[in-house]
Amino acid sequence: MDAKNIIAKRVAKELYDGDLVNLGIGLPTLVANHIPDAIDVYLQSENGLIGLGPKPGSEAIDKNLTNAGADYVTLKKGGMYFDSVMSFGIIRGGHVDVTVLGALEVDQHGSLASWIIPGKLVPGMGGAMDLVVGAKKVIVATTHTNKGRPKIKAECSLPLTAKQEVDMIVTEMGVFHVREDGLHLIERHPEVTIETIVEQTDAPLIIGDVKLMEV
Amino acid sequence: MHKTIDKQAFMALLDDNQRIAVGGFMACGTPETLIDWVVESGVKDLTIICNDAGFTDRGVGKLIAGDQVKKLIASHIGLNPEAGARMSAGTLSVELVPQGTLAERIRAHGAGLGGILTPTGVGTIVESGKRLIETNDKRYILELPLGADLALIEAETTDHKGNLVYDKTARNFNPVMATAATKVVAYVHQTVDMLDPEIIVTPHVFVDHIVEEVA
Amino acid sequence: MDAKNIIAKRVAKELYDGDLVNLGIGLPTLVANHIPDAIDVYLQSENGLIGLGPKPGSEAIDKNLTNAGADYVTLKKGGMYFDSVMSFGIIRGGHVDVTVLGALEVDQHGSLASWIIPGKLVPGMGGAMDLVVGAKKVIVATTHTNKGRPKIKAECSLPLTAKQEVDMIVTEMGVFHVREDGLHLIERHPEVTIETIVEQTDAPLIIGDVKLMEV
Amino acid sequence: MHKTIDKQAFMALLDDNQRIAVGGFMACGTPETLIDWVVESGVKDLTIICNDAGFTDRGVGKLIAGDQVKKLIASHIGLNPEAGARMSAGTLSVELVPQGTLAERIRAHGAGLGGILTPTGVGTIVESGKRLIETNDKRYILELPLGADLALIEAETTDHKGNLVYDKTARNFNPVMATAATKVVAYVHQTVDMLDPEIIVTPHVFVDHIVEEVA
């Protein structure tokens, strides 16, 4: 399994029967492939639906049925459409159980930077700021490093998406919980040592009973 | 009240310096025909309110590529490199707004509110220049209403009164924009004698003009 | 014609083709009987519909189809149902062209008292405060006096429904416009003298060219 | 997720001192069966949020007549003399809220807003004790969110997931209350296998429990 699917599989274990979940564009989308059939997890797409199904075959593409990344999608039985006001009422109002997003940087306090590199990349925040503030549980799903540089920082240096809202970080190296007293390493990839994780992380880590990730 | 207009009557609604709200999400649910007519009209110095910048050749991206837009108010411009290029060159002013805040600001205008308090963006650069208000010991940004001179929206079906229903995720920002503009023009794919009164999303009182799809 | 129908008939002349109109409980309801067939006037009931039709016969009563006064009603073709949030978005947002309400008192500045007599009658304001603030044109339709006492005052003495929002007052004696410079008598009942109106009104009146009411 | 519960399970949700939001408008769209069960439970000192006080023998009026209500938050109590009598006697506290403000306050809670600025009530006793905020040179009342422990609503039809559609004007406050309570119980008249995803008014994610009408 590649790094991205290791991450996605681990994130999927955080989802429970009946949860309403929003998966960000890119890596987080892969989480859907790892949700067990035995549970009902409802995927929201913030452009206006709950009940995101698998990608359609080319013969079943409907140009009016897309996700927030402009990909063609399908709707599961029991799903429904709504407008952007309702969609963000659901998000901001705390009705999303889990949101999973990528990161440019995430820090030990749970602050996240994911939408702008001033002067370089200015795509905009889209719905990310609302999702991170509104969802009951915020999981950052990201590769541990970008071109060798740690993404987990003591303090974010880029403009924030939201301040101190992230609950959990999942990378291919380990799983981290953001708590009152700091950032806890709670699981590690079986083939990655704690020392390596510490070395590849730009934030102080609290290390107690570190379990092995299922990969 | 006969609301159907032709291209000529539509063109007469356009003017330089207008503030135009355009429905759609990454060009899904954007009234492309109406955008094409705005391109053809050659009106300049527009302020466009839209979820995103569309693509270079789809959605409001066509107006940006044609240098007709002075200012864009949107949540995301990442899929349209022309928007980013013009922003860097200083020829396009871009106000990036979190998607849920964009929806609420437009709704506030349409619903006669003086503003809304949102937690989204607190502690980020989104709060700069805005009033912060505390209620129940929590900090919120006061976001102000956002209206337009003209709303260009797309719907699936109308009746002879101008009631509208939408198709799947092409709904998105269209209904809320219909509430927040001095004149609202809806491009519709079909007209029926009557719509079920339980399923109408946009009541006819919001719709000034209908442009019917030519088969 | 009785006093109430004289008032209702005169109010109906203020309604134009395509108008969205909200008629309050009681006297204002009678306005519907005087709207010419030649124009389309859309009646809103703030509990959740546009397109109020005539009262149903006893065989056609639907317990789930009522107006804001809990009377059974019908829906015209092209009408639709919505929830209370949408209903008051329409009202507060300035999408109602004309609202017609009764009064306990109304004053020369256009302030209205209609919802409470402290210690005596406390029904509540219902939707009246939103309607008076939100509608484009506010018409008070009321008998000129209550038990011989003028209802039009220099200043309201009862708690207000809204401050300086009334545009026009129609009684069985005359028609009044609230303007910047004061309260203008613009029409009188053909059988009622200006002197009588002045005598029966507890506010200074500006009297210029007074036309005759059609009764 | 099986959401259907019986009377016994419903009774277990009730407790003294709860804050309960009840759908309906003058008893149209109020879940009478659920109200009857609350009466039967004998729970006391309730705070009821409802558009109005119902009638003495219908809607939330039954709870008031049974002296189970400590406080009523409503826009209108005029059709229930028992409510007025108890208010005068000092045994029932009544907070009268303009109907549109009531809808927006409940919506604000459900949509995660810290409050909304409304022009409704400015210059009246409704503004007393509240913060007044000026934006764009106009004065507004800051109205705060209003949520509940429990929402009791009525819908016409559900599917097996808990999606809801309503019938005519029985819709009113039901959908917004479904967004703003810790637990939401919907009394429904029928259950179908599947609802059209375009017409669902209340997405299943808002609904915790369903009580099905017994034929």
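Before moving on, here are some points about what is shown:
Letters A, B, C and D mark the chains as written, and numbering starts fresh at 1 in each.
By our rule, a residue touches a chain if its C-beta (ideal position, glycine included) is under 8 Å from a C-beta of that chain, and two chains touch if they have at least 3 such contacts.
Keep in mind that this is a model prediction, so the values were computed, not measured.
The interface with the greater number of C-beta contacts, when A-B is set against A-D, is A-B. Each chain gets one centre point, the mean of its Cα atoms, and the points for chain B and chain D are 33 Å apart. Inter-chain centre distance (chain A to chain B, centres taken as mean C-alpha positions): 29 Å. Chain centres here are Cα means. That of chain A falls 35 Å from that of chain D.
Spacing of chain A relative to chain C, judged by their CA centroids, is 54 angstrom. Within chain A, the positions touching two or more other chains are listed as 49, 75, 81-82, 88, 91-92, 133-134.
Multi-chain contact residues of chain D (touching two or more other chains): 104, 107, 111-113, 118-119, 166-168, 197-198. Chain pairs recorded as touching, per the definition above, are A-B, A-D, B-C, B-D, C-D.
Residues of chain A that touch chain D in their complex: 17-18, 20, 40, 42, 49-51, 75, 77-82, 86, 88-95, 133-134. Residues of chain A touching chain B in their complex: 45-49, 62-70, 75, 81-85, 87-88, 91-92, 111, 122-130, 133-134, 159-164. Across the interface of their complex, chain A is touched by residues 25-29, 51-52, 74-79, 84, 87, 94, 96, 98-104, 107, 118-126, 156, 166-176, 201 of chain B. Across the interface of their complex, chain D is touched by residues 104, 108, 111-119, 133, 135-136, 138, 140, 142, 144, 165-168, 196-199 of chain B. Taken in their complex, chain B has these residues touching chain C: 1, 107, 109-113, 159-161, 163, 179, 194-195, 197-198, 200, 203-206.
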